Amino acid sequence: MRDYVIRRVLGMIPLILIVMIVAFAIFSLVPNPFAALIENPRIKKADIERLIKAWGFDLPWYLRFFKWFSGVIKGDWGPSLLYPGSSARDVIARALPVTIRVMGIEFLLSLLIALPIGIISAVKQYSVTDYVVTVFSFLGMSMPTFWFGLMMMMLFSVFLKRPSGAPLLPAGGIMTPGLEEAPFWTRFVDQLQYLVMPVLVLAFSSVGSWTRYMRSSMLEVVRQDYIRTARAKGVPERLVINKHALRNALIPIVTLVALSVPGIVGGASITEKIFNIPGMGSLIIAAETKSDYPTAMVGLMLTSVLVIVFNLIADIVYAWVDPRIKYS
Amino acid sequence: MATRLVEVQNLKKWFPVKGGVFSTTVASVKAVDGIDFFINQGETLSLVGESGSGKTTAGRTVLKLLQPTAGKIVYKGKDITKLTPNQMRPLRRNMQIMFQDPYGSLNPRMPVGDIIQEPLDVHNVGLRRERRKAVTAMMETVGLRPEYEKRYPHEFSGGQRQRIGIARALILNPELLVLDEPISALDVSIQSQIINLLQELQQRLNLTYLFIAHDLAVVRHMSDRVAVMYLGKVVETAENDELFDHPLHPYTQALLSAVPVPDPEVKRERIILQGDVPSPVNPPSGCHFRTRCPYAMPVCKEQEPAAVEVSPGHTVSCHLLTKK
Amino acid sequence: MDNREVLVDVKNLRTFFYTEDGVVPAVDGLDLTIHRGEIVGLVGESGCGKSVTALSIMRLIPNPPGKIISGEIIFHGENLLKKSEEEMRLIRGDKISMIFQEPMTSLNPVFTVGDQISEAITLHQKTDEAEARKRTVEMLHLVGIPEPERRYRQYPHELSGGMRQRVMIAMALSSNPDLLISDEATTALDVTIQAQILDLMRGLQKKLGMAILIITHNLAVVAEMAETIAIAYAGKIVENASAREIFKSPRHPYTYGLLQSIPKFAERRTNEPLPAIEGMVPSPYHMPNGCRFNPRCPFATEKCRAEEPELVELTPGHLVRCFHPIEP
Amino acid sequence: MAEQAVAAEKKKRSSDDYSYVGMVFHRLTRHKLAMAGAVMLILMMLFVFVGPLVWRADPNEQIPGLEGMFNPPSQAHPLGTDDYGRDVLARMFFGGRISLFIGFISAVSATLIGAFIGLLAGYYGGWADNLLMRFTDAMLSIPTFPLLIALASVMGKGMWQIIMVIVVFGWMSDARLVRGLALSLKEQEYVEAARAIGASANRIMWRHLFPNTLAVLIVSTTIGIGSSIIYEASISFLGFGIQAPLASWGNMLQNAQQFIWNAPRLIVYPGLAIFITVLGFNFFGDGLRDAIDPKLKL
């Protein structure tokens, strides 16, 4: 097991490097942001050239990559072009908590709803309940989030109004401006209202797929021989499901949960954009469309590294919950 | 004197076990660990053993479907051990294999006519039209209705599928046929049909069989000579009746006595072996059988017993016989 | 003839499976009697309904697609088919136990073998945990597992096939059942391990006195174990007699053919072909009219093709379902 | 007597003798959700491909002036007009064609590329497997969406570029799937049998392994079409996809987003069309998966 972990950690290094190089190579094809400044007559040509040189845009992309990468290793993540005056690190640090709050709540909520429903659906396979659950899971999985987001917005912010005439739920953002100094509960209630729509939109689709995963994992397990053995020794049906079947059915689910954790940090680009949430997803997209490659690359690197790390964690967790697996 | 078709000398097949930080080979599964045997033209040699004895690996290594780790395979006087897959290809016409699993051994997406014809296509035998004729004839030979050639394997029963497997193996007119547990997955009443077919074909086509099996009653019915394997080693080889009437190795004796007999009147003295077969990754030192042997002596732990020919054609590897 | 008390009396059992491709009459009018402390062999080829009979006695037929259509299973004077699910649960693993073919897949991979046995004990006996544990170790010892204390903590995958089957037996016998059903329990094992397990079962039967129903396709195994043998073909019993009678003077052409067709281990080699039964087991979707064996029977007449024979007692204790039984 | 036997033989050929395709089809027709999906897809196809023959309007013709904009549904414009005064129904037809075309081509290409890589990795194993799978892992650990956008903005915004982008990030799951299948299939005895008759690696891969992954690949492609349509729509929605005046369901939605307050119905149509299409592919694909899964058969 220890050897296995060491081997995997060593294996992660080239993987992260490949990911970085591929990402950087693609980003480097995006036009040089300073070239556009030439159109601006008020900026001196020499200044532009100085900027280009300072940023390394006179170098071929692979050399620029080394320059950038050695900086990253030294802890210098570079300045942000999108938010002049801030470093890429500060920009990311501002977006991260916003995303974690939305995605974390969504993640826990989806699991809490989906797993029990998936189990019930599997245990009552072919029942009316199962059909209803199945249809709803597919609705969730097939729903384009951007459309669902807009529809929700139409419903809760355009059609449904409070008595005061204000929309029932705020259409976008994360909090009402001016409430920064308000008492905790006021802020809490205020921010909660901003969370409702994005969380619901995201949860609808992930509840759909988690339910399907749980259901099929459970279905796979309940037809195993050892479930028959449990019944043959007189285990009550409730325990057959909740003890004998569930322990086994959760093994692949736990792995999937571990693999999904990086999503909490990476954010959901489109939903964040629709609801105007200043999180990681919308930040990375904004950064790359504005050629703010330090910010975009740091954001990407963070999420990629997390994906790779959680891949390893998923495997370790798998070995931990399944006594049959011993990595040697 | 019969001609030797195949001779195997000190054949070994080890499978690496990877481990450690750099995924190096840390141990080996010694599936076949130095065996010798020969097969004469036209006879049936049975390889008998329990699971983990290495009999299936031995059969596949003889055909070079697995590359041997060490030792020598001589086919008709020619050393084929070092031949590359490309050099082996023409020889494959002469040596074929038939498998245990009637479900897994036929490609479910191929009509049976194509399955039987494939060896001819691979070796470019004859014209297209002639190949189809050969397929029809072969289907009749093994007792299948030729009009079924367009059907898919799942439309056939287990016994019929094994007939398809025989047809595929025989269409190139091989000399040697490795039968890897060909009947053990079949129903009792179907087993005898396939046994009869195999015996009839052997006589008609002068085939040589390497019969790999664990069912000793079938082995007794089918074979000319029998080699008993235990944990990667051949422990005893003899003519059929000689082995069953006078087993000398303690393992052979235990194995034979463990076979249930379909006659409630027969009450036999039974040798019940204790424990399980040890792991082939780490077999016991000296004689591999010593951990379960009722007669184990100190020497068995220290020294591997050599094969001794106790009577013509009857060889045994046991210290009990060399001690005197 | 047999003066012992009848333990189980299966009368005219019908268990059908409703599949997409049609109805499979897996068991179609099967009768079977087991006396107290008797070893009965139920022998047949695949698809003859022998395993479905066992699962029907346990009331473990998966529904859907399976269903017990009619018949009676009298156990201790009561019809098991009339019992509620909860009453049946209390019988399973207590008065009737079962062991299966694949000891690997029949044990739950995520619980230790000790946990699985002591679960069976606590389900049916009023014991505390320490008592159950003590009893589990005793059972492991009883079935010949060395170092029972250590084995208690091991998982099924850490044991060999033979050891796992011993664990299954320990679990099945932990509450001293009146009937043990062994469904091909030694089929997957090697000959020398099979001999160990058969030896163990024989010994335990003498010691504990339970009746055993041995279900197998292997005539040699029942010859060694059973006092009474029932031969099943296509969902019905075709012959039922003492082991001695079955092997010495089989009366049904199928039994006769089966016995003839198996190679004899104790006989010297001849080059004669085996007297094989021609044809194959009928498809469950298309059972032949009349006697189900008629298409393969060398003695079949018009009557056999038109009418179905009844199971009749030809000589005391020897029941045969045939219009033209073989004369002894 | 002989005739009877022939008749009996014919009768016997009912359920046992389905060809594989026939059997899958048979089970599919009994799968309620798959049939619902099929109906949805057929209706969508009719809408997109037959619709323009019935309702002949130019999707790009603009009605100038304020009175042409945001017309409610009327006889002249069954779904009304958009911000440029274009006929929304006609734009729905043509947008649908583009969305379906992109979805289909990119899903099929991604599956084929994935299958090829997976087959090579699975069959050869060893270092080839290691190399290909590490590359697949790397591709999988890159967050798709940001790179999709970057690639789209680099490669231009035409239809074929969008297809390329979706394929580049869409083949990995199929590669993993096929590799896993190939690993287990090559342990099957019929592959060993093919080696025993001297078949070449190419023959084994394409005659023995590939046909046996086909059923799974068709399922994966079916579901893949749905997700490709969503990808296209998302990219277009963010403004990096199909560009106006060419219509796609995605960019119609992007356009409509600005007018959520004055013409909310413009949001409803394209989104609903995407939703129904994707749902149709998901239902149908899932039914197909059940139909080819022998484990569900008794």
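Chains here go by letter, A, B, C and D, matching the order in which they are written, and residues are numbered from 1 within each.
Throughout what follows, a contact is a pair of C-beta atoms (placed from the backbone, for glycine too) under 8 Å apart; a residue touches a chain by one contact, two chains touch by 3 or more.
None of the values given here were measured: they were computed from a predicted structure.
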item: Maximum centroid distance from chain C, chain identifier (CA atoms); value: A
item: Chain occupying the most central position, where position means C-alpha average; value: D
item: A-B or B-C, whichever has more C-beta pairs in contact; value: B-C
item: Distance between chain centroids, defined by C-alpha means - chain A, chain B (Å); value: 55
item: Averaged-CA centre spacing for the pair chain C and chain B, given as whole angstrom; value: 32
item: Separation of mean Cα positions, chain D and chain C [Å, integer]; value: 50
item: Cα-centroid distance, chain A relative to chain D, in whole angstrom; value: 24
item: Residues of chain D engaged with two or more neighbouring chains; value: 16
item: Two or more partner chains touched - positions in chain C; value: none
item: Residue numbers on chain D that touch chain B, as the complex places them; value: 16-17, 19-20, 188-190, 192-200, 203, 207-208, 211-212, 214
item: Chain A - residues contacting chain B, complex; value: 3, 6-7, 10, 328
item: In the complex, chain B residues that touch chain C; value: 50-51, 157, 159-160, 187-193, 195-196, 199-200, 214, 216-218, 220-223, 240-241, 244, 254-255, 257-266, 270, 272-273, 276-277
item: Residue numbers on chain B that touch chain A, as the complex places them; value: 19-23
item: Of all residues in chain B, those that touch chain D in their complex; value: 60, 63, 65, 88-90, 92-93, 96-97, 99-101, 104-110, 118-119, 122-123, 151-152, 154-155, 165, 168, 172
